[in-house]
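These are the structures, in structure tokens.
You will see subunit A twice below: alongside subunit B first, and alongside subunit C after that.
After this line comes the complex of A and B, so read on.
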């Protein structure tokens, strides 16, 4: 065992891997931003049954939820430059792998959040819309002041789950060479010949951060559902 | 200020940031070519000691990296940009144009000669041996003795190819190739426990890996392969330039010196 794992080395690895936490958080943040915006768009399209867009949204969501994430990362990483090249002739291969990863995870998150948001929007009782109309509010105002705040309460628990899950899945970014926490763990492991040790250190970090995230969302949930 | 307008602000900032990133990135990519020096992207292995690997600080190091850096110095018109990649990703990146050159101790074979431009002179002559566990009782001396045995192999390597060829020619004496993303530790434990009976490697990386002290080499070399850098088939200008650079550093002795420094001996000439 001593050859493969030492407690001393294990402790020694933790700060080195933790140094890449900002990169991991960057991926999570970027993917969330894209995912929330795109997910909201997809949800609205389905709730309002906009003719062609609705079908596209359904197919898109099924594809994203039906394929493994690592496959999506590779499709975006290798396929997007080819697509962009054939349409606009611009060569984006020089872009850092980080952007591709954020796009890939953003699209993936959007697929899952779309369903979540759709369910949340549809859970708001019809009576709320009608009351808003009766009070003379515009469509936009009804959504902003009445529907979305209530839908947000329904969406929050599921959203928290998605965020934690996204945080875990960004470990796949290392497959295309992004130096996030997992990438650093693989690098340290192969450079020192101690893969088990470095992956164990990474696991500890992931557990700690996941617990913190879950706890934060539980707190947020309590505040939002005050009085229920 | 309510939650929605905060959300709008955040969204606006994110979009602005994304646009700025996109524009600066496009700008950077555009200015790289079209100037006096051409930038060449080289995909290198990130974990193959002592040839191409990322050391503990995340810096690229190794024999092939040193050779490439020397060639870079010998070619003032070119600037090399290195991309550390997993082994599986290197060939795909070369094929899809993400990198212009691939470096990962690629041995010369007919298939690769057809698909790519291989640089010359060859910068490495590595013998490949069979390795078995130290407490192995089997008497394995060559490829024929591997018939019916389990051999740990990595997809896409030249030796794996050689063993597959053997299997095709001898369907009644097939070698059981166990493909996986073998790490040094996995190989060591697999050999010790008997999950696999043998594996293959070269003496140089063996000395530095987890197998040392747990496995031993047996028999004569399975093959002695020349190593080359891979360049896209259409990139003949770049391939010629690399050939020039390699010839320069080979003639002035830099290549041998680097081999002594990184590999402990001069592996730059054929011993066959």
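After this line comes the complex of A and C, so read on.
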């Protein structure tokens, strides 16, 4: 085991892998942005029972939640360039795998957040909508000022869980060659012949960051639900 | 974009043939995690000193490791340590003699133990304390209270979360392609390796996984309907 793992080498690998944290956070941030927007849209469509769109949203959410993330990443990575080329004629095959990974995880996150947001929107009592209408507010103003602030409080705990899960899921981006923390660990390990060391270093980093993220969301949740 | 239906169909058929392998990687870990998870819950329930706290710390740390990393790290450890350990125990078996499915089931079980433990602990907490007291007052032993009162009431409480766990295991089984397991996704890719119609293969495997997930949801909903009939 001495040839495959040394404590010196393990400590030496940690900053090299940690240097790719911005790339991992970029994937998380980009995927969250797409996921929140698309998830909100899907949630609204289901809560307000918009015909046809509601059925599409139900099927989409079921597909995304019922299929493995790695399969979704590969479908987007190999399929999106073909789809874009057939529609626009533009060849995006040479684009960095990072963009495809962000789209894939964005779509995946949207499926989970759609259910979370739908539950949160349905938790806001009907009386709040009626009170807003009685006060003369427009529908948009009711959502912006009354419904969404209350729904956000219900959604926050589940949102935190989804963010931590997304952070860990982005390690799959290494499967398509993205040089995030996991990709760097695999690369370092293969180049030096010390896979055990590099994976152990990556594991330590993921554990620390996951615990920090969970702790941050627990604190945020306590502040937001204070007095409830 | 031309969708090659012939590649899609050959990938679909190859993927369908691999369903038993994927189901083994769902059912195997389910049984292992249930046994180990319930054992850990029992340690917490009967307030065994020190050990539950140590286990809780280990499981919390383990939950921070992504499944992808857990599988590849575990595989590297397995490949490096199996032969030396087998030699030390004077066993003639070597790592190449062992079917990789055993490793896949083992590593998925280990990865899902924290979630199963939390699920079963939540189900145990859902059984009111009064049930235990009523059992003891009626003269039942601790084991009789557990298996006649607590476990039957736990089952309908656990089924919704168990549905999510089983679907989670199904999705996690797709990652075992990293260690060479011929699951649904890996098998669906084989017929299209020469033509490189990879999108068709991945879509076919996605549809198979989706179908199995829907069947799991439907079966578990049926179980909940039958087993939850006498809930208050």
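Just so we're on the same page, the second predicted complex is superposed on the first by the 228 of 228 C-alpha atoms of A that agree within 3 Å, B and C clash if a C-alpha of one lies under 4 Å from a C-alpha of the other, contacts with A are read in each partner's own complex, and residues count from 1 in each chain.
Just so it is clear, a residue touches a chain if its C-beta (ideal position, glycine included) is under 8 Å from a C-beta of that chain, and two chains touch if they have at least 3 such contacts.
Keep in mind that what you see is a predicted model, and the values were worked out from it rather than measured.
Novice: So, does A:86 touch the first partner subunit B, the second partner subunit C, both, or neither?
Specialist: The second partner, subunit C, only.
Novice: Quick check for you: in the superposed arrangement, does A:67 touch first (subunit B), second (subunit C), both or neither?
Specialist: second
Novice: Applying the document's definition of touch, where does A:94 land relative to subunit B and subunit C: first, second, both, or neither?
Specialist: So A:94 only meets subunit B here.
Novice: Could you look at A:135 and tell me whether it touches subunit B, subunit C, both or neither (first, second, both, neither)?
Specialist: neither
Novice: Name the contact category of A:50: first (subunit B only), second (subunit C only), both, or neither.
Specialist: Once the two structures are laid over each other on A, A:50 reaches no partner at all.
Novice: Which holds for A:4: it touches subunit B only (first), subunit C only (second), both, or neither?
Specialist: Once the two structures are laid over each other on A, A:4 reaches both partners.
Novice: Answer with first, second, both or neither: which of subunit B and subunit C does A:78 touch in the superposed model?
Specialist: Both partners, subunit B and subunit C.
Novice: Is A:190 contacted by the first partner subunit B, the second partner subunit C, both or neither?
Specialist: first
Novice: Which partner does A:219 reach: the first (subunit B), the second (subunit C), both, or neither?
Specialist: In the superposition, A:219 touches no partner, neither subunit B nor subunit C.
Novice: Same subunit A residues contacting subunit B and subunit C, which ones?
Specialist: Common to the two interfaces on subunit A: residues 4, 78, 82, 175, 186, 195-196.
Novice: Can you list the residues on subunit B that touch subunit A in the complex?
Specialist: Going through subunit B, the ones touching subunit A are 3-4, 10-11, 14, 21, 25-26, 28-29, 32, 41, 46-47, 49, 53-56, 58, 83-86, 89, 92-93, 96-98, 183-185, 209-210.
Novice: Subunit B touches which residues of subunit A in the complex?
Specialist: 3-4, 16, 30, 33, 37, 78, 81-82, 90-96, 99, 144, 148-149, 152, 175-177, 179, 184, 186-196
Novice: Flag every residue of subunit C that touches subunit A in the complex, lowest number first.
Specialist: Interface residues on subunit C, with respect to subunit A: 1-2, 60-61, 63-70, 72-73, 76-77, 80-81, 167, 170-175, 177-178, 185, 198-199, 202-203, 205-206, 209-210, 213-214.
Novice: Over in the complex, which subunit A residues touch subunit C? Could you list them?
Specialist: 1, 4, 62-63, 65-72, 74-75, 78-79, 82-83, 85-87, 168-169, 171-172, 174-175, 182, 185-186, 195-196, 199-200, 202-203, 206-211
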